[in-house]
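The structures come next, written out as structure tokens.
Next come two complexes, and both contain subunit A; in the first it sits with subunit B, in the second with subunit C.
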Partner chain A sequence: MANKTTTPSSSEGLAEAEKVTVTIDGREVAVPRGSLVVDAASSLGIHIPIYCAHPKLDPVAVCRMCLVRVGKMPRLQPACATVVSDGMVVTTQSPEVAKVREGMLEFLLLNHPLDCPVCDRGGECDLQDFAVRYGPQTSRFPITQKSHAAKAVVLSDKIELDQERCILCWRCTRYYDEITGEKELVLVRRGIDTVIDSFNGEPLTSDFQGNLPEVCPVGALTHRQYRFQARPWDLQRTKGICPECSYGCNINIDARDFEIKRFASRDNPQVEDMWLCDRGRYSVEKWSHGSRVRHPLIRAGGEVREVGVDEAVAEAARQLGEVLRLHGGGAIGVIGSPMLTNEELWLLQRLARETLDCHNCDHQLDELGNVSADEHSLGIAEIEDCETVVVLGAEPEANTPVLTLRLHKAQLRRGVEVRRVEHDASPASLGIKGKRLVGVIADEVHRAYAADMADALASGNTLVKRLTVTRGVNGRGAKDMGMLPTQGPGYSRVTGGKDGRQILHAASAGAIKALLLVGAETVLRGAGILAEKALAKVDVIIAIEPRAGIVANAASVVIPGHTYFEKRGSVTNVEGRVQRVSPALPPATAAPQETRVLAMLAAALGATGWGTGDPFEVNTMLSQAIDAYRGAGNGGRALWKRQGEPR
Partner chain B sequence: MTLSAASRSEIQGYKARYPEPRSAVLPSLWVVQHELGYLPVPAMREIAGILGLEPSEVQAVATFYSMFLDKPAGEHSVVVCRNVSCALRGADELAAHVERTLGCPSGGTTSDGQFTWESTVECLGACGGAPAIQVDHRFHENVTPEVMDAILGRSRSQPAPSVGGESEAASTKQRGEPKTAPRAKRTSRPKRAHIDPGDL
Partner chain C sequence: MFKEIIKGMAITLRYGLSRPITVQWPEEQKPATPRHRGRHILHRYYNGLEKCIGCELCAAACPVGCIYVGPAENDPLNPVSPGERYAKRYEINLMRCIFCGYCASACPTEAITLGPQCDFANYRRERTVLTKQELLEAWPKFERSRGDMNQRGAGADQRSTGKSLNPGPSPRLAWEAQADETHEAPLPGHGGIPVNVPGVIDPSEESRA
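Take a look at the complex of A and B:
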């Protein structure tokens, strides 16, 4: 509700002072001026049924479900659109209100098909719930005389519409109006004939269709991917972070029988604001399938042996130790992945730098340029506070789609000027002058251009903040943790080493004798022939890898890894928000989590002071080592001191 | 492009007239219906293009109003009122007669493209002369099946009169619209020309 136009977040401090007192069902409550009756009631724990009202959308008051008695007003008023005033007396529980609710529900159910047993929404449907709680127990209208409309209308490859189940609350059309601005769904015809439809029945093309079934209060709009997959009460829900990009959208992971069935939004107003993109939402399937590595393996002389974890770790330590002794740490390359947790990445770079005396560390293969903490000073929600936001190139929104919705909201609700320019646009040509706060958003491969842009726009009164769109769910965390060739944890200065691509080149040339690869399958697969050459040339390849593939096939020692949804740990999003992830699926292997394996490996190499490798313990250790993470905790942002700022 | 240059420029004119382009949707739809006789999908897309709206917004407005047609209508329109007064005076039999005579159900168009007729309309407001019908927007009262046959027979041989063209021009002039408002083809504002069956 804090994101409503009626209570803009910047004036929250002001609203604090301006409270009005209302009495609802005989109980007094002080709420900010401008609040709606429905929200004031909910702050008292009083439930008012709503269909058309939605916390992220403007009120329209079309469903008439929330009618309540307000003071001496002659008629009942919609609680979702009535703004509180001082001394207002509201009655939500009276025979009069109960009768109206019953009547409204009887109308809504008049032509509703009552196909709940085969409806995907059954069990989490507001129509079901309110009918039980507030509705009449029986209908006065014969079920045989219902008027029927089209069922299972395919709106796109993602969404299906059941026009009979629709109660015409307008939430989906308003979602398209207010949240995406695409207006793909409208109300067609009128009266009893009104239906929701797209223009000329053409397929929806939005990148954000998956939010439609979530705003729909009934089973009219449903996910095609999730159709008939599960009943809500069969689902086991885990809080998590969307795996598809670095934006860090908060999701609920709904699994049934150890298979992820859907991702549902978990409203975090600071990040995704409850809207997910289709790329993320419908990326469900790949997590329950695919060939896995289940047992530790040692590959020697053309033979592959299944071994225990202890033996695999000892053998890995022996092989790495031998290369270290004969050729030094410079002959070892360590490649991680942006899909790893902060804890894993921090341990991995520590293992490389401290135990293996190796500075060839990276988590990806692109040329990154000068990475610094400055590049993520702008928070996602802070975009709304900017006067102007400069978006360099098309990549930021392509790589983090939900950013588009935040920019749209900033434009629509807060009047932020959004300038989309080429990545190499000249700052002078933009004519941005005399602004208080300017945001610069760029993809990570364009960070040098963004730095120049930010420097040029900054002046005495203009503060410029940057948001750099990293790649991979923990691409930001990998950099913060120092899984970089030239910088250590917290962007500290360290002895420079080879970057990811240079490691592969050196490996295929024979200069690198050993590779330690953790979850690097996806990274290396992107390098094609170069990776294949490197893997074929190097004899000592220690891999911690969840999936079968080129890495597991080439490695001399393979220890089964865990996929992103089998792990405990934390990941950091584009704006530096550190968010916890916990297992949504049971592990496909009996091997311990990567942090534990890395600690075992360090111990086997003779290191001390590594602890047990428990993710929480590692998290405590890395928070002590990196200042910004100490303050972030779970869900907060890792805020870095800007260069030149006093400590 | 489905629309003529004249229609396009007229829509441009409406767009310029209002602070919100959405306000120009209704007059633009009339322009199209006057030119083409109905609202084909490409034309709605074209309106949206000119006004800078999404096509879906134009369609939402077009489908809301029952006087906008989504498919080509016959040369003549026949509307049979079946509201209370007319029903009491035999409108149901009259409608059944029309259906038999024209050979298509209410809402349909005859195979020769001469007539589009419907009987699901709101009260025509001619209860005093029930049962009442409208043929090409002209009222006929106290209609019997025989009178109906005569009216249909007479219409069949003639092109549809541009009824309401004058009144449309007059009323738009009041609102300060250009004098070149197009002549209504079929679905303009009805002119109440009461015709007594005795005149026939």
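Take a look at the complex of A and C:
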């Protein structure tokens, strides 16, 4: 039943598959054995309209939209469920097929409301598109005799259902069956009265509801968050990476009038496999609101002065240089944030270590144990190749929710054994023996447990790979870049400095005289009263900060920063995949991007060889400095040498 | 030759003595033809609900892209338009409009038409971007808003019966009372556009301040 070829799980698998040759509309094509006719046709660029079929779901062939003539079979066959065989001859363009398509569309439109002008799907709706392309141009049924069903049914705080618009393709129910494993939507009643509804009429509770409007081919299921926000043609689409966690889900950022209207999935089979979680998808509103720092400011003697960027940078360099001269680099603390790009983090740690001679740099509050490149050797898609996956505690799936879907897929399609255990479960009690590949997944707080578990499970034939879930969109990149107190770029050991919390403690005790904070507002807020004490005590606070808040209010020099959606650069996800981000919104400030400001600051402090701080230039520099990043490019994984294993 | 000169002078004389067709605009106004395509009007149903459903089809059809529609969801207990959706913001940049009327053809509810008014000159550029409130047909005082002196142009060419229509009970009386006030006194000399027209709101300022 499970058709694995339609959902290639990893890059392997397809490569060695045997090919068969089929003829579609007179053109020959060689496709892997087991492919479906609809996929073979699309590889030739021949479009077959589908409704119930979905690339990530098993075929059911209920909608009959895809009927085509296959060889000498007596009736037309559904292309979405017919597997190719050698020498098969398929006709998709003939009067016979066209007539059937017209008929199917006429049926579908029979009771479909004339809602297009008010429907959120209008403009990107398969029913509209196919009706124009393949449908009858007129209707033989009077509009007044349409049968009606409930409209604007609120299924949950996130999803709204219009039962009239539903074409009963079952994609939504199958999504729940096959992708999340929850069963929240059902078909109720029979015949012409059949409608989709939630099970027992209860509100949906899934964490992955936001995918429903995307699987629905029509406007029956829609987002409450995106309700009547825009038309698809209003939207400016930018490729991006979801800002909510470090899983690195690929998204399309759809903005209208400089305001993000929605996040849509952008299928990357290696990462999120086109499914997003609701936390990420509906985090849209955060990014359009909140007050911003717009101009560089210098605060002196209780007075705030608006200045130009050059002046602010010069003043910052003067203040930092003075502290450096009087008290040395040990009296400076540098705090970044996991929301920064690799380029910014790399420059920031370089500025701290090389120019300011300071080892107190961190991107979070606490150094959570010894970090190593080993802790993310397991790729996300590789989970499906494991025989057993051990998940320590609930945090990995709570922090990166889409992981749950990958585990479910691995279980359902590949028979992977998923063991969810306590953090301190004893490896012996799990009884994992004689496996080829075992995955161990933990969050970064419990990375020590995961290391022990991996050591205990590894034996002669068993290869154990680990995946450590970091926090913040670029939590992994921050570690790779060496924005850590005890480790430099590429996890090299360096002279130990203070971690985030220790910096704040030292600052409130007076031992640290200057703070350089880049986008650190959220990190510092996490420290509560301690951060406020530190900010009140220290005189020299240089902040590059996009948002107004405790940092911008206390800093002696504020340079406006850019939010995550306003900058260029790359971020690294949990498995070490380096993905590019580019601005989806125009910056709210005229100040240059952080990388450039950092380069200016370094130059003002007397450093040479920093270049202009152009993100691309910095990216080139950092890939030369860090081996693993050299081959990563955009979208590849930074592959690290495993300890004790040449690779 | 002499004859030709006489002939030519006769024509000049004839026109010189006849009544001129020039009118003393703006003191004197000529009625617009019924299908004149001038300043736009957003219409209402007789119960006061707006016809516009915020579908943005006019904006999509507009060849110069001078219409901005910001849709929103109706409060079912106090709807602005029938159905689920209405236009919260509706703006037309008259300086860009080429008065082709495509918007009116595209509209599924006949909410927008082009009216009789064609004098848009203004001292302030922002005022040439009409807001929804300016485009909208006044309500409930239909008869006054449709009188000859209605510089707002709303519906003047559409139904010039002059008969007063009872607008009937409306769920939006409170809103209308306020709207009515602003429709009350068009300032002379400004093409009917009140001086305190809200300027073009820079969306970036509005939402990301």
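We adopt the following convention: the second predicted complex is superposed on the first by the 627 of 647 C-alpha atoms of A that agree within 3 Å, B and C clash if a C-alpha of one lies under 4 Å from a C-alpha of the other, contacts with A are read in each partner's own complex, and residues count from 1 in each chain.
Note that a contact is a pair of C-beta atoms (placed from the backbone, for glycine too) under 8 Å apart; a residue touches a chain by one contact, two chains touch by 3 or more.
None of these values were measured; they are calculated from a predicted model.
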Fit or clash - subunit C, subunit B, common subunit A: fit
Partner chain in contact with A:A588 - subunit B first, subunit C second, else both or neither: second
Contact breadth on subunit A, by residue count: subunit C or subunit B: C
Which of subunit B and subunit C A:S198 touches, first, second, both or neither: first
Partner chain(s) touched by A:L187 [first = subunit B, second = subunit C, both, neither]: first
Partner chain(s) touched by A:T138 [first = subunit B, second = subunit C, both, neither]: neither
Touching partner for A:D257 - first (subunit B), second (subunit C), both, neither: second
Contacts of A:T608 with subunit B and subunit C, given as first, second, both or neither: neither
Superposition-derived angle with apex at the Cα centre of subunit A and sides reaching subunit B and subunit C, degrees in steps of 10: 80
Gap in Å between nearest CA atoms once subunit C and subunit B share a frame through chain A: 29
Sites on subunit C touched by subunit A in the complex: 53-57, 59-60, 71-73, 83-85, 108-109, 203-204, 207-209
Touching residues on subunit A, where the partner in the complex is subunit C: 117-118, 122, 151-152, 227-231, 233-234, 257-259, 288-292, 586, 588
Complex contacts: residues of subunit B adjacent to subunit A: 41, 44-45, 53-57, 59-60, 63-64
For the subunit A and subunit B complex, residues of the former touching the latter: 182-190, 198-200
